[in-house]
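One chain, chain A, appears in both complexes that follow, with chain B as partner in the first and chain C in the second.
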Partner chain A sequence: MTPLFALLFDSIDDRLRLRGAADKAVNKVFPHHWSFLLGEVALVSLGILVLTGTYLTFFYRGSSELVTYNGSLELYNGRMLPAAYESVMRLSYDVPGGLLFRRLHRGASHLFIAATVLHMLRILFTGAFRTPREFNYLIGIVLFTLALAEGFIGYSLPYDSLAGTGLRIAYSTALAVPLVGPQVAYWVFGGEFPTGDVIPRFYVLHVMLLPALLLGITGVHLFFLVRQRHTQFPRRGIDGHNFILGKPLWPAQFAETVTLSLWMFGLLAVAATVVPWSDVALSGPYVPGEVGNNAQPDWFMFWLDGMLRMLPAFEIDLPGVTISALFVAGLVLPGLVFGALIIYPWLEKRWYRLDGDWHVLQNPLDIPLRAGFGLGTFLAVLLMSAAATSDQLSRITGIPIETVLWFFRITTLFLPPLLGFALARWSRRRLDRRDLEVARRESTESQELHGVVAERV
Partner chain B sequence: MQVSSPATSRALTGWAIVLVAAVAGLAGAAAAGAAEQEAPLEPLVANPDNGQLLYAQQCARCHGADGRGGPMQEYEGIAPSLRPDDNPNIEVAYLDLVFSTGRMPPAGSPYDNRTREVVLDEQERADLVAWMADEFDIDGEIPEVAEGSAARGQQVWNANCSHCHGATGAGGVAGAGAWTPSVSDKSAQTIAEAIRVGPFQMPQFEAGQISDQEIADVVAFMDEVQVEADEQILGIPELNPVFASAFVFLLALAALFLIGVIGSRPRWFPTPPEDLRRERRADVPAGAQRRAPADRGES
Partner chain C sequence: MSTTRDDESEAGVGPSSRPTSGSPAGELQIVSSEDPPPSQINDALVLGLSIVAAVSGIVFGVAITLDAPMLLYGSALAIGLFALGYAVRRYFTDRFPLVEAVEPRLRFTDPDIEDDDAAPTSIPAIQPVPRRPFLQWALLGSAGAFLLGLLAPISTLGPRPRAGQIRQTAWREGTRVVNTEGRPIRPDDIAAGGVAYVWPEGAVGNEKSSVVLLSLGRPALEPTILDWVVEDRLVAYSKVCTHAGCPVALYRQQDEALFCPCHQSTFDTVRGAVPTFGPAARALPQLPLGVDRDGYLVALGDFEELVGPAYG
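Moving on, here comes the complex of A and B:
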């Protein structure tokens, strides 16, 4: 270091006394595995989302009032459009780099949620949620929920025809809640949909409250991670419970993270150039009652949409309450899946009567309950998601859409439990076989020993 | 110094071939463009005799030699009559529509509207229409389309068509077994014919519902969609969420590949494993294995 810098650092350190803490931080150990980078991908995407999103807020208008568009897009020049949509058109066609930033933001949001899901699956299947990390696991679920909410609201903000349709379905779902539905819907949407209130409200949620929560809670998540140390995969010859093996924050982990970030920027830039993620000029602004038959939510909501398509449109009138298909698909189902996610660590603990701390990761097949229940539930969600694409599947395969839906109804009902039980059984067998082998090896070893001894004697 | 080594001359030959091919390609494209522009200038003279022959070859086996339809041999079901006296749907525009979109004669099952193959060229279409119109007493004419405004067309489209054909006319599903074809790549004439005729499961729109001017507007809007599609690198103007999800899948795969590469240590971090730092988790008694009691403390 040049003397000048040394002097600067010394004088800063004299005042702030950072050296000790910094040394410690720099030597912080990071275990190494590719799947540990999934969380990092999510983190970097979140950063990109904040940056690109900030640029978008400079131009976006969170209102659905009608205003006149005067811009370079021939299609709308001189036409009255909802302000949100109008500003999105200006962003896309008149603001330099606007469309690129919109697509980057959209692509990063997809990557953010996808990486979050994969990260969550990694945590679930390798058992990183076990004591002492249950609390951080719950924080992770909160982050996931926030990410989904951000994603849904972000999809609504351009107020194009798909966005408006999504909002209308959200409104109907709120209405379908027994007893309190109308009040909840009124409270969220400020009246009967379409209202002028929903876009401004969602805008504030999208750019202030939810990002603040996301960033703050991510901070807590990371603090817990550092404080509790990272888990690691088992390694021969290393007592993973007492030692953690990895590379230091500086320089190896830092270099890795920077490399990853730069590649991700590149990947997203290419994706934004090639894929028209967020182009909505042709679909047009939302007009109540006009819905294209290509109305689907974003992929991370497919499972709810798929469930809605599979359920017959029923309504059960109980005294004082009405239970409808919309309520079941839109709220009961996610409630069940999230409920299962939340209680799972405690379920496993109960099931196998575990206590103590666990720092070494596992193969999911070593825990039959986890293999069966986890992969079964995951398959169910996948099938429900696939059901949301029934129209395109029908068109591609030439199978009538009703048949496609029946296929998914039956498979969603039967395949996941079948797979779950089969996996659980299979992994139990696998464990039994292994135990047997260990026992046999031990007994032959002792026999050999005896043989040797016998010969000697 | 040797100027042209074998390698250099090979490279030069290669470049020469590339250059010639590029020039030839450009010239060919220019010629094709010119040919495309010239084609409509030739007036078509319909030849009903050829039409009769075409009918016998292409249609009679299903719709019958007399055009009254009936049970088909290859497929289950009944081919409809093509005579206006017992099938009032039939008009000249309908015939032209099914020929120009390749819907009839069908490429596969006549009930599957997804597979299309246009077998009749413009001349043959005119011949066949002329003969059938005369023989079966079919009325009507092929509509002409004026200039329209894409902006109004979008509104007409969203109000009348998008719930079956999708917001950008990419097609989709309009009911059991009724797949909707893409519209944005169709000619003005085809779109106008479809609106007025209402082919198969599609409803018919009278002039009271959609005026001639509005048809022109819809055509202009579909042209706009096509222009937008041509400007995109992938040729898709706007993604519906299902196709977008396929791209998300690709993006996620790319990200997984990325972390797979970055995460496979030796390539990016050539330090040997001995260099990995060890950090003691906590003061746990040596030998304590997985089930050790709490060790949440700092080292």
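Moving on, here comes the complex of A and C:
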């Protein structure tokens, strides 16, 4: 530490006396494993999103009123465009650096959601959600939901053709909720779509309410993490139940985090420079009643779009209520997936009658329920997502769209349960094969906890 | 009556509390503690104020929902806040001893003292006076009712759906069919096999009223309503998909089908636009189409079927 820095630090600490607490914080140990970086990548992306997003708000206009575009883009010069779209065009083509910042924001949003999803899968499959971390796992699901909402709304704000189509589907889905649908849809959209209220409202949600929740709840998430300490993979020579082996925050992990952040930002800068992330100039402004040939949401909404495509047509008219395929595919089935995510820690605890603290991570194949149910559900979501590309697949391969859709309907219905049961069975066999003595020796030597589970299965 | 309650607060520290470093930083030294006198009036007051707050909250909610004068709901809000605040205050002065305590200061620039961030003991040093618990529930219930009333402004976020509003479009009897530029259309403007995206006159861009006007290559079949087919070839269907509301914007010439690019619902335009593939369950509604005295295409009325997706 340079003398000047030390002097500054000391004189501040003389007035706050936080050195003890600070020492404790910098002594926090981070176990090394690449998958532990996923959450960090999400965190850094969130930071980049805040930085670039703040810049974008200086230029963006949250309104769908029609205004005349006078800018350097020949395509729209002199045309009437929705103010939101017009401001995005101006920002992208007449503000030096504007397009770069837009693409950085888009790239970071993809990275944020991808890292969040992978982080969640890591937590799920290695059992990091077990006691005492169930509540932090639930907080994580809340953050994931907020991230999806931010992603969808951010995709809507440029008010290009795809954005308008996405909003129309969201409005239709809200309308489809039995009994309260129309009122809820009117409350959210301010009346019948397309109203002038939706863009200003979604703008405020996107830049104020949701980020505040996202940042605040992320703080709670990290507080839980610091207080409960990291989990870690089993390692010989360390009693993982009572100790954590890893790098302390200062200086090793700090250096790593700074490097990661800067390199990530660098990679995003490369990507933003060369990849036309969502350059909405070509998809055109949203015009009611018009749509392009390829109407696809962002990849993280594919699973919902795929469900909308796959669920066969039905509308059940009951007295005063209509239950439609749109409602079931757009809300009930995603609700079931989220429900399964939410109850899973308690389901596993009940199934294997577990109690006590669990800090050592597992191979998911050692836990038959997790291998079967977890990977089966994950495959189902993957197939649902793939189904959202049915029209593109049909066009590329020349196979009729009907055939492609039926392929996805059948595989989504049958493959996940088949794979689930097969994996659960295999996992159980694996555990059976493992000699009991070996399991016991392992569990005393390295305190691996899956030996205990093996006996209980 | 003044008693020192030091011993009681010490006794409250259970075995579950974390070991502290012995520093006085987290501890509370009670100097004096005075139990509140028993009072019947206090109970009645807290109960009464709780009821006033609850009623005010509900009045606020109902009044704002019914768009009553601001004087009413503004006053209800103010009265509710004051009443709830006073109820909370009286509750605490009645249930807890009046305590004065000493908290040691940290000395910041003394190099000898140890840094300490030990948390205060988790057991509150100040114990409530044991009295009937029911006021607590009255207070919580009142706060709940008040907060419920405060949610009422949600109802102002959008209009109330009126009966039939979702079913209604801009098409009326005699409304001319116009193109995107607003020019009315004669049957001859649509060539054989042609397709046009059209609107009701005066409502170009009204999403729910967008219509696909087609010239069929072969005679329309059931369940097409033949009375609404002009010159045995021109037929008009709603352009809003009955699945999720996307524009059914693609026309496939070879089988005269309308195709939705969002979720691939396909509609047979020769047979009343019934769905032949995909997630749409209902046919695209057919617009009652005719020709007026000046030879322009007009609507004979609004759609008879629901336009767009089903609603709950």
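As a working rule, the second predicted complex is superposed on the first by the 427 of 457 C-alpha atoms of A that agree within 3 Å, B and C clash if a C-alpha of one lies under 4 Å from a C-alpha of the other, contacts with A are read in each partner's own complex, and residues count from 1 in each chain.
By definition in this document, a contact is a pair of C-beta atoms (placed from the backbone, for glycine too) under 8 Å apart; a residue touches a chain by one contact, two chains touch by 3 or more.
Bear in mind the structure is a predicted one, so any value in this text is a computation, not a measurement.
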item: Contacts of A:Val41 with chain B and chain C, given as first, second, both or neither; value: first
item: Contacts of A:Asp298 with chain B and chain C, given as first, second, both or neither; value: first
item: Partner chain(s) touched by A:His32 [first = chain B, second = chain C, both, neither]; value: first
item: Partner chain in contact with A:Ile401 - chain B first, chain C second, else both or neither; value: both
item: Touched partner set for A:Thr389, first chain B, second chain C, both or neither; value: first
item: Touching partner for A:Leu282 - first (chain B), second (chain C), both, neither; value: first
item: First (chain B), second (chain C), both or neither touched by A:Ala84; value: neither
item: Touching partner for A:Val321 - first (chain B), second (chain C), both, neither; value: second
item: First, second, both or neither for A:Pro248, with chain B first and chain C second; value: first
item: Those residues of chain A which chain B touches in one complex and chain C touches in the other; value: 287, 290-294, 391, 401-402
item: Complex contact set, residues of chain C against chain A; value: 106, 108-109, 114-117, 154-155, 157-161, 165-166, 197, 199, 205-208, 210, 239, 243-247, 249-250, 261-265, 275, 277-282, 308-312
item: Touch list for chain A against partner chain C, complex; value: 14-21, 24, 165, 168-169, 171-173, 175-183, 185-194, 197, 287-295, 305, 308-315, 321-327, 329-330, 390-391, 401-402, 405
item: Touching residues (chain side chain B, partner chain A) in the complex; value: 112, 114, 150-151, 154-155, 158-159, 162-168, 170-177, 179-180, 224-225, 228, 232-234, 236-245, 247-248, 251-252, 254-256, 258-260, 262-265, 268-269, 271, 275-282, 284, 286, 288-296
item: Chain A to chain B touching residues, read off their complex; value: 27, 29, 32-38, 40-41, 74-77, 79, 107, 110-111, 114-115, 118, 132, 161-162, 228-229, 239, 241-248, 252, 255-256, 259-260, 263-264, 267, 271, 273-277, 279-284, 287, 290-294, 296-299, 302, 355-360, 388-389, 391-392, 394-395, 398, 400-402
